[in-house]
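We just call them A, B, C and D in the order they show up, numbering each chain from 1.
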């Protein structure tokens, strides 16, 4: 078995000259100050910051002025969407008097005019329309108690399209991630050493199982209380394999109660596979991984019962948890077991941190199986996760820089619609 | 080991002692509740209250999506009751719907409770009578959640042909208020009472598409999830857990002197506050013991 | 004093007490309540699955399709899965039945087929979902623009601070290099921000959980014992 | 080969699931919905058989081996069988083969115009003669023989509600009353749910109290966790403690009334550092999720295939 060898491994060299802390702080302050000063000079609000609601436009009471009607400039099916949407633009009426607001109306095949929206803007995206049904539109400009009406627009149908362009940023991000992943997988296959720093919660896993052997007591593994749809459950199942491997080596009993029948099926296969691959298929107890109950608190009650009756030496609480997190963690703490928890449920992390000995916070849970196994291919996924993060950090910093200093609309580049 | 200091003993006190203390500070105020001064949160509770106060009488409609479960009852039920009370006082029409079958009982209970309160007062000559169909309609439940959330934007009669009691929704002689309500555009605000992020779903689907104001009544646990929406103005105020409900009860009591209904959240707040205080004292005590013990040890070398 | 005389109120009250007794220590009443709870919850979910999944998605379509064929004779529409009544559902039922091959050692490998189907689909749809909701939307929200700067000095500063906090948190979770040099103070700041966030969650949750316990005691004292109005 | 087959199936499903998100065509959407909401649901429903098999095996093993506390396994198995029986045959809302209320049998319904009035907060129910519909002279007729005037709780609540809703104390109402043979007296009486056990009774009488009590125990656990773990051992623990402390204090009306600025400070903690940390964790988690998903889709992690033959 490959073991973690800490710092004497080859390190990725960080050759960049590291600036001192003070200059980083100074730079940040400077950026803030410059952009602040720039923003104060602007006399108009940038787009999207105009006040919303009716109070944005002053009502003027001048009935003698002739009120002009608005004009529809553009009616079109929203391109590259999943259908049901039509975009309408119109021009505000000429003249000094500005309307309070507009009423956009639409007419379907039933021939009745219906209100689509009331708005102060001069564009609107109608949603939820049936596809391939013609609709026509008109805009009313409302001045106090009076209004003027635009000409009726041509008929337009909403269509669904093959490619949703609004999702393009998601596609690019995934593509980028896959490229990084494949690069690292390639590197791992060709034997490049992938460095990962020490993660304290994870190095304790070995020790904790060692402790269970000394005491001759079982290990309790709770793979979260969610179903397979939660990726955290998958991560927990991956870690289960690593924990089971160590229990085989130390010849300790593993107890794994489950809440979801599909998770139970996979968990059982994983433990069985581990016993087989470690050459001890006979030692696999089919009753060690079992299904308990699909009810959230009944599961917590049952796990509590196992904790106080079986008195496991080590308890793993991995995966997705809700309110039952502290019920399990506190009961476990009262039995004196070593507890290692890991979840990406941010609301439950504080409880694990207070009640457990070691906690894997958020993405550490996802890093765990790679870290524990030290298998190059798994480490490659961990590295891609890490470098993906680096790229997003850079984007965050650079885009802020561009937006603040040059006022570029960079946010729309990554906006998902 | 006789040289264990009092600090050390206190630090390792049996957890059952703590449980006992908690139980006592919780039970005593339940049996003997007391009143507490409550500070109103401006950004959340007051904002919502003022928004509802500004609705025009008689023709405004407050649409409540009551999605509370029995386990959230202590926090969320008082909110529902308060909203209904406020609307009835202000002669605002109330439309109630549930997205989960488990919420039906509690929603109906709240409506019955408030209408009985008003009718009892009315029989003594105070206030007005509440009539089903004129002042409120209970739509019942329609799965899955996304169907009514989106469908109500188009046509309420497609989603709910009948109300919870089996009356035709289009039968305007029994349900006169439905004559003027067709979809979100005829409603003034959506109030979503839920222990999860349903208010966000309403923002995403109902507000984004149909431009209706949305407010939320949420549990204290999930409050933090909603602050971004409160900042951006997508949520018109909200009620935060039992505290928010108690504040709202107080506001109603202040504004409408005839209101004499039971203030569940305010009552619960006394047990809540004592327990809170107990926890805070325990944390302080735990730390005092910890530091005293450390000083003791360092002095001994 | 106005004790409830209803059988189910008593059951509920006694079970409540039995489970609360676990706080003292594991005891026969808790063990009985726990085992009862697990058994009943399983039985209830069997009922729910039967009436919410099996009946509407398997029995009703097949029975409907059978009636349709009996009435109108065979036509291809009964194989259309989009139709309410159809025979098509038999195919996923057969795939689902492969789960049961686990009990037959010779063909037990077939259990991997339904697992693979479920696993593949749910794993894949989580990828775009997590990129969109957890990454791009958060990225979008954390970029500071000039619009933020016009909101006033303090809000602008806070938005800036949120960005710095987010970046430091991310650096704390960066596994590929040791936290040395400039990274050390930044990642230390990151973990401090994380801890403040966790403290806030903890503080918020305490309030809600107390409400739950209060609700339980109100049940015991009001609905059961009738001590409180 | 057998492992490869499962891997190929998994990969095909993954490609479909991943790509369908980017396609806007309604037909694709419809098929995806069918797959998710119907087909995979049906496949997944069979897994519960494995689950129940495991549960029963676990408990029968315990009884067989006379393991510690084996007696309690009888409770679980008994409760499982009884609840499933009542649920499957009674139905969730009365749609089952047997009547909803196990123990009483609904014979049929009594239909007719029922005249109700409220007198000193007591409800009485009489049959109204439909031929004389005029409001003033409704004939007050007693109910048909065998139907007692005492109504079940449910009917009382229905009538009480009607009276409140209609804002009147007099009401002509068309009602359907289920009838049953009383197991006590053998007479035909209005249906009483008190006689039997329905799955709803079990849900409300056992599952809800057990669940909410487990949930409520959190309050106690939280206090003991706070007492034991909230100590300023180091900087991190200290920061956690202080921020939790301020948020907790800021929620107590008594205290915010006396300490100015506390309320705003609590808000600042929620709005700024809390938001920053949650955002950072979320981005990292999102990437971790993607990495884990790809690990499975690319077949790098294939423990789920289980052991045995290739």
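Note that in this section contacts are C-beta pairs under 8 Å (C-beta built on N, C-alpha and C of every residue); 3 or more make two chains touch, one makes a residue touch a chain.
Just so it is clear, the structure is predicted and the values come from calculations on it, not from any experiment.
When chain centres are taken as C-alpha averages, the shortest distance to the whole-protein C-alpha average belongs to C. Here B-C and C-D are compared, and the pair linked by more C-beta contacts is C-D.
Averaged C-alpha coordinates put the centre of subunit B at 22 Å from the centre of subunit C. Rounded to whole angstrom, the centroid-to-centroid distance between subunit C and subunit D, based on C-alpha atoms, equals 13 Å. Centroids of subunit A and subunit B (each the mean of its C-alpha atoms) stand 28 Å apart. We define each chain's centre as the mean of its Cα atoms; on that basis subunit B and subunit D are separated by 20 Å.
Residue positions 167, 170, 174, 177, 231, 234, 262, 265-266, 269, 292-295, 297-298, 301, 309, 323, 346-347, 350-351, 353-354, 361-363, 367, 382, 389, 392 of subunit A are each in touch with at least two other chains. Touching two or more other chains at once are residues 19, 22-23, 31, 33-34, 37-38, 41-42, 44-45, 99, 102, 111-112, 115, 118-119, 122-123, 126-128, 130-131, 135, 139, 141-142, 163-164, 166-167, 170, 173, 194, 197-202, 204-207, 209-210, 212-213, 215 of subunit C.
Multi-chain contact residues, meaning those touching two or more other chains, occur in subunit D at positions 21-22, 44, 47-48, 50, 52, 55, 69, 207-208, 210-212, 214-215, 217-220, 222, 224, 226, 228, 230, 240-241, 244-245, 248, 251, 270-271, 274-275, 278, 281-285, 287, 289-290, 293-294, 296, 304-306, 308. If the chains shown are joined wherever they touch, the resulting network links each chain directly to all the rest. If you check the complex, the residues on subunit B that touch subunit D are 13, 15, 18-19, 21-23, 26, 36-39, 41, 43, 70-71, 112, 115-116, 119, 129-133, 165, 220, 223-224, 227-228, 231, 243, 246, 269, 273, 275-280, 282-283, 285-287, 290-291.
Considering their complex, residues 161, 164-167, 208, 211-212, 215, 219-220, 222-224, 226-228, 230-233, 241, 245, 248-249, 251-254, 256-257, 263, 267, 270-271, 274-275, 278 of subunit D touch subunit B. Those residues of subunit D whose C-beta lies close enough to touch subunit C in the complex are 2-3, 5-7, 9-18, 20-22, 30, 34-36, 38-50, 52-53, 55, 69, 72-73, 75-88, 91-92, 95-96, 194, 199, 201-210, 212-220, 222, 226, 235-237, 239-248, 251, 268-287, 289-290, 293-294, 296-297, 304-306, 308-309.
Chain contact summary for the complex, subunit A toward subunit D: residues 80-83, 131, 160-164, 167, 170-171, 174, 177-178, 181, 185, 231-232, 234-235, 237-238, 241, 258, 261-262, 264-266, 268-270, 272-277, 281, 286-287, 290-298, 300-301, 309, 323-324, 326-327, 329-331, 333, 344, 346, 350-351, 353-355, 361-363, 365-367, 369, 377-378, 381-382, 384-385, 388-389, 392. Subunit C contributes residues 23-24, 141, 200-201, 204-208, 210-215, 217-218, 221, 227-228 to its touches with subunit B in the complex.
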